[in-house]
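Step one of this worksheet: look at the structure below.
First chain written, first letter: the chains are A, B, C and D, and each begins at residue 1.
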Amino acid sequence: MASTGTLGEMLSTLLERQPFQRKSAADGSVAASCRALLEAPSEASGRQLAEEILQAIKTLTDEDRDRFYQFLNDDLDIDPDRIAELATAYKVTPTPKVYKALAHAAEPPRQDLFRQLNQAPDATADLVQLRADLLTRLKVKPDLGRTDHDLFHLFQSWFNRGFLVLRHITWESPASILEKIIAYEAVHEIHNWGDLRRRLLPADRKCFAFFHPAMPDDPLIFVEVALTKGVPESIQELLSEGREELRAEEANTAVFYSISNCQAGLAGISFGNSLIKQVVRDLSAEAPNLKRFVTLSPIPGLSRWAEREGITLQTDDPQQIRQLTAHYLLAAKKSDGRPLDPVARFHLANGALVHKVHAGADTSKKGLTQSAGAMVNYLYDLSRISQNIEQFDRKKEVSASGAVRTLAKQAARGARPQPE
Amino acid sequence: MASTGTLGEMLSTLLERQPFQRKSAADGSVAASCRALLEAPSEASGRQLAEEILQAIKTLTDEDRDRFYQFLNDDLDIDPDRIAELATAYKVTPTPKVYKALAHAAEPPRQDLFRQLNQAPDATADLVQLRADLLTRLKVKPDLGRTDHDLFHLFQSWFNRGFLVLRHITWESPASILEKIIAYEAVHEIHNWGDLRRRLLPADRKCFAFFHPAMPDDPLIFVEVALTKGVPESIQELLSEGREELRAEEANTAVFYSISNCQAGLAGISFGNSLIKQVVRDLSAEAPNLKRFVTLSPIPGLSRWAEREGITLQTDDPQQIRQLTAHYLLAAKKSDGRPLDPVARFHLANGALVHKVHAGADTSKKGLTQSAGAMVNYLYDLSRISQNIEQFDRKKEVSASGAVRTLAKQAARGARPQPE
Amino acid sequence: MASTGTLGEMLSTLLERQPFQRKSAADGSVAASCRALLEAPSEASGRQLAEEILQAIKTLTDEDRDRFYQFLNDDLDIDPDRIAELATAYKVTPTPKVYKALAHAAEPPRQDLFRQLNQAPDATADLVQLRADLLTRLKVKPDLGRTDHDLFHLFQSWFNRGFLVLRHITWESPASILEKIIAYEAVHEIHNWGDLRRRLLPADRKCFAFFHPAMPDDPLIFVEVALTKGVPESIQELLSEGREELRAEEANTAVFYSISNCQAGLAGISFGNSLIKQVVRDLSAEAPNLKRFVTLSPIPGLSRWAEREGITLQTDDPQQIRQLTAHYLLAAKKSDGRPLDPVARFHLANGALVHKVHAGADTSKKGLTQSAGAMVNYLYDLSRISQNIEQFDRKKEVSASGAVRTLAKQAARGARPQPE
Amino acid sequence: MASTGTLGEMLSTLLERQPFQRKSAADGSVAASCRALLEAPSEASGRQLAEEILQAIKTLTDEDRDRFYQFLNDDLDIDPDRIAELATAYKVTPTPKVYKALAHAAEPPRQDLFRQLNQAPDATADLVQLRADLLTRLKVKPDLGRTDHDLFHLFQSWFNRGFLVLRHITWESPASILEKIIAYEAVHEIHNWGDLRRRLLPADRKCFAFFHPAMPDDPLIFVEVALTKGVPESIQELLSEGREELRAEEANTAVFYSISNCQAGLAGISFGNSLIKQVVRDLSAEAPNLKRFVTLSPIPGLSRWAEREGITLQTDDPQQIRQLTAHYLLAAKKSDGRPLDPVARFHLANGALVHKVHAGADTSKKGLTQSAGAMVNYLYDLSRISQNIEQFDRKKEVSASGAVRTLAKQAARGARPQPE
């Protein structure tokens, strides 16, 4: 800020300057349209232009797409000099006028572009798709992380809990949504429509999803729930075709046996916690006989960890499996002190505790591969959730039932890496 | 940025520092709850806390409320030093990591607070209400303009065109919404339910409103439309009880005779342009016999301007009224070159042109007071909108029909300030 | 049945004969269209013809309308000879073929006409309207009772409980329906929209109505309910503007304070009983704290009865009023043994009992005129309804609380016709 | 009618008598419940009783069910003596009172029972199911035709066109309804959900169904429509997976390629005609570019007829196939003069004409078996429908295009039974 003169003069000069733009070699016609949209004196034809741009983006070649991302990342970036100057000015004169100028400078033009694009019909879904694609390029072009952060930040605002709508997914739901449930199920594959029907139609099966009003046909996340008598010990049993249906009033336990995020473009925006809490609240109100809310969860990292540790998981020794599972969940940690297992991290951070571990609980190929068939129930005990979160967050302490702690101790004592 | 050492060291120090907070003398328990919400390690009980805070805000005394606003404005402000440092760092190392840190620093904690509060049920309406209240304090405390800007900025993102829903308001609409239409009508008062019924039920009367999904019972803006044969010249005639109803296929003109913004808390966020365009598009598709889209608009600034100019408007001389009205609309300008009349500014900026002026067109007390009974039709000619916007925006040129231009010229020649 | 020959011959002759038609002097073009509709070889243009006929009926002059009713009543009547012959034949040969022929003969062509007319859009409402009009002519032309019976019979089938839809009427209901609630309220007038709002919006006020799917905008019957703490003793108190609202969980009593039939054309088809039962069931399920379901009912026949009996009702003597009211409700009977009071007949036939009587309970002009201000609570005690119905139906016994019975006895002892 | 005395005495005796009941040997407890329902003094517990009876019927053994049907047919039959007496009385005194008594006598108690049963939830579907079952017994017990006729008569009243709701079936429809479309498709089997999706999702494919409000999840009839350019000549081509989708505005022809009745219990109640007409009307209004409405129909009776006639259909001689098909459709008649082919009868009675015949048009096993692969387009020409119906109905004349008539003549000349 080398300007001389009075503060007032300096400021007014500062406030009138145009935003800086990093130049990209070539940005093609989509970029030109984007600039036009940003500069449009009015929203006159903005909606149509936005629609055209979003259509154009979809048909870009890989090369042009890379160029377009570069355009967003560089040409529509912030001007750090201007920010620094305005920040310094703000320190001295924290007026609303300077504040607005600073806020404006600190927001890159691409952020504004995304908002302008969103006026087109179905634009929100297109923008989520755009980020999904962008994320696939991050590995080779980590620099695009700046643009990604802007989309992430925007989506955090747009997909705020207050805007989400919880919907009960049933066999009466539109087929166009149900086919997405089939496609998005990420934990226990839904093989066909008959399989889906068995997870939705019986009175002791439920499914809930969050939607955003601007994407009414596309779930963001969904959870599948089984109402049971007692805590189930096997996923195959839970999903078996021949099983006997429970009448609603016989059930005392709600089992969250599958949670799937649906939108790659919303990575990093957490819906799972809110969803589980909302469903626990709604089911409690609707069925007061439900006394327990547990998961029946996979343990995706167990086999990998055991291998690394040189431990052989013996599928024919259920006791060994249970002990090692308990040990893994309670003691295997990342460098930051949190559990190694990603599913464990998710539920423990939400305030659940490790309730029970089971051997031979998922005998599918995937289950045997990732965890030698072991599964775990995390328990959501409403009276202990806050305390659990506190412990987990502050002290990195994993809450667990006495039985699981005992198993873990046995493992610690006995289950040393076996000489082979 | 006095740090020595390598750039890497400097950066990592920088990125780990906690945000600065301007201290306020006392911020009471709502403030404490707000801090708790911001610091909550997880959203565990966040929704409930948000709900409690929003309830608490509603019951604050005036004094406490001032203190709370001060807390938002000062304690939850940005840290300019940190922004300046990070901006400087970004100039050198424009990595995603630094970018995120800078973006985070440039956003004041109150912005995040507003987003956290929004997770509570009905929070969006509460936040809009909060800003409505805040705006009333801006005159005495202009400094609160900083906080206001954050709400404004948030709402611009949340109330993006892409999230708005156009609804046809009919006599079949919920009474809870219709009573709001009665309350919000700001141009031609709706005196009672019978009056409203006459504006909604006949086949040649329409009403459209924008809603936001998070405020489903509260319109943001609405427009009332009359389908007519020819361009109407009087509002009283248009709304008269005894008038004969037109069959849909007889109408060739759609008259936008009233547009009302409903939410004081959304001041500055423009919906009118989008609404008019959407309604023009929808009506065109639905009724191809509609050939003209005009307004029948008040001229709120005419009398005031005439008085200032020393001109006496002669209600018994319709020709004089028409000439002066034309002159006023075309020639009376603000210092920035745009028309003096606010309604003219709105429609001209949207691409309309001044089509016709009428004397004796609004004989209500309000009409006689503000414009000696004169009204004007602005014409939305789809084929000329872009061009009109361009002209208006670039050259500050007011588009008008030949007839109106002629009238204006006559006024310029004849209607000099009369010697009195 | 003068035919000779074998039974088979006779039958086949019988089954082929055309239906007989009583001739009317002149039946005009609507009648001709009706015949065309009945004879139409296919429903090809039936729907359109039906629509035209229903439109034509609406515009008939009084004289033509009378002629049209006569046409329905006489020309489209049954052929008793044919019925008698077929009945005799059926006695001998009860085959499906003869049965169908008899069933067909026993149904007059006008019945079929009504069904054919019903294929037009909104025809059901038109036919209900037709009967409403027909009923007004019955006094002068009692003979039309035959046609009326056919409509009644048809409506009993069409407006069967299984086809009715219960809807909760709220302040969110369409204004087009709410204006009908205002218009149809027959017990305690709704003076304006503000008055209606006070009966719908508060959490302790409810309204439920039956609708038929073919008349979705027109309620058939509705009941207004107040949730209270204790049994209310005055309608003015219940409806007072200034009253304090009760929170849902504080209420222990649901008061049915107004039931109104909406469709004159459905006279004689009883919806009230089903409606009360359904609402009792739904409210019980929704609010388990509701322990009592009572009415606060007018006593439309009290003053008239007292006058006839030469008794003077002393509005300044509440005890006398209560005693006489109790006596009137329990002891004043029609020649068939059922209570004189029509509202009493309705609720007692539904299984309610006389729970409490109040003086000064309806101080409106109507209330003072019809019952000297007295009102009564009928109690719906689910555990006693069947028994009450049995008693009332078989033995004409009026169930009542001990307190009311005592009052009635006191009246019987003391309240002899006073010497005047 | 052996009574002596005055006519008045006779009549009043007559009107007070109880309905006669044919006795059945034993009718078990369901029958007893039915009697209770019929005699119930009030509908107090009627709804519950109705529900219990409908449940009980579902679990009857075959033997008990037969007994129950016999009970309906005999015990709840009409009393022909009483009908004959009242008919005779009515001839002399055609008063409303006698009319009502006669109408009441002419309706068997079972008719009233069915209406009473219908007050239970979902009763309408149960009653339709009851008739479906009853129809299967008619062959062995033709006598039950009497009871069947009463159900038929009731359903004709209940499923009146005025009560039906047309719904567009799309890929957004509830899966619970779509699975019924798959199950009920009777013409061209839907093999799986993917197959269904191809018939619903593309912009040039439509499906419409009639529903009754009391059976909202169960279609009564549905039609599948393809929008095409030109008249299609092969069903396999029309349904092929790889086909190119047409944009809505390119289509000039709507092809009804499949109509399926869904409810066996509604046999004899015709919905097809109304459905086709409604869909033609709706599509015309929605897509003015549709100029032609044709079917692509199977010819179920062709092969059977040819065999009977000693004709060999040569699938390798398309010209022969076309000629014989034309001849069959135009000249092969039933004893009553109407076409032998049931699908031809349906469309011709609705006013369509035989437009075009195709060889090799349905190469499925079913198509080859029933018609040697031949199919036919019936054309619905709105301007000729009435005339066609008239001709078909009065003169049994089959309307056909010139081309088809020529083919038929060639067949008549050349296609004599070939010597083999």
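Just so we're on the same page, a contact is a pair of C-beta atoms (placed from the backbone, for glycine too) under 8 Å apart; a residue touches a chain by one contact, two chains touch by 3 or more.
By chain, with names taken from UniProt: A, B, C, D = Malonyl-CoA decarboxylase.
From a predicted model like this one, the values you see are computed outputs, not experimental measurements.
Student: According to the touch definition, list the chains common to the neighbour sets of chain A (Malonyl-CoA decarboxylase) and chain C (Malonyl-CoA decarboxylase).
Tutor: B, D
Student: How many links in the shortest chain of touching chains run from chain B (Malonyl-CoA decarboxylase) to chain D (Malonyl-CoA decarboxylase)?
Tutor: Minimal hop count between chain B (Malonyl-CoA decarboxylase) and chain D (Malonyl-CoA decarboxylase): 2.
Student: Looking at C-alpha means, what's the farthest chain from chain B (Malonyl-CoA decarboxylase)?
Tutor: Farthest chain from chain B (Malonyl-CoA decarboxylase), going by C-alpha centroids: D.
Student: Using CA atom averages as chain centres, what separation in Å is found between chain A (Malonyl-CoA decarboxylase) and chain B (Malonyl-CoA decarboxylase)?
Tutor: The mean C-alpha positions of chain A (Malonyl-CoA decarboxylase) and chain B (Malonyl-CoA decarboxylase) differ by 35 Å.
Student: Roughly how many whole angstrom separate the Cα centroids of chain B (Malonyl-CoA decarboxylase) and chain C (Malonyl-CoA decarboxylase)?
Tutor: 52
Student: Which chain B (Malonyl-CoA decarboxylase) residues sit where two or more other chains touch them?
Tutor: Residues of chain B (Malonyl-CoA decarboxylase) never touch two or more of the other chains.
Student: If we count contacts the way the header does, which residues on chain B (Malonyl-CoA decarboxylase) are in touch with chain C (Malonyl-CoA decarboxylase) in the complex?
Tutor: 171-176, 178-179, 192-193, 197, 217
Student: Which bits of chain C (Malonyl-CoA decarboxylase) are touching chain D (Malonyl-CoA decarboxylase) when the two form their complex?
Tutor: Counting only chain C (Malonyl-CoA decarboxylase), the residues touching chain D (Malonyl-CoA decarboxylase) are 41-45, 47, 77-78, 80-81, 83-84, 87-88, 90-91, 94-97, 99-100, 102-103, 106-107, 115, 118-121, 123-124, 142-146, 148-150, 153-154, 156-158, 160-163, 165, 213-214, 270, 273-274, 277, 349-351, 385-386, 389-390, 393-394.
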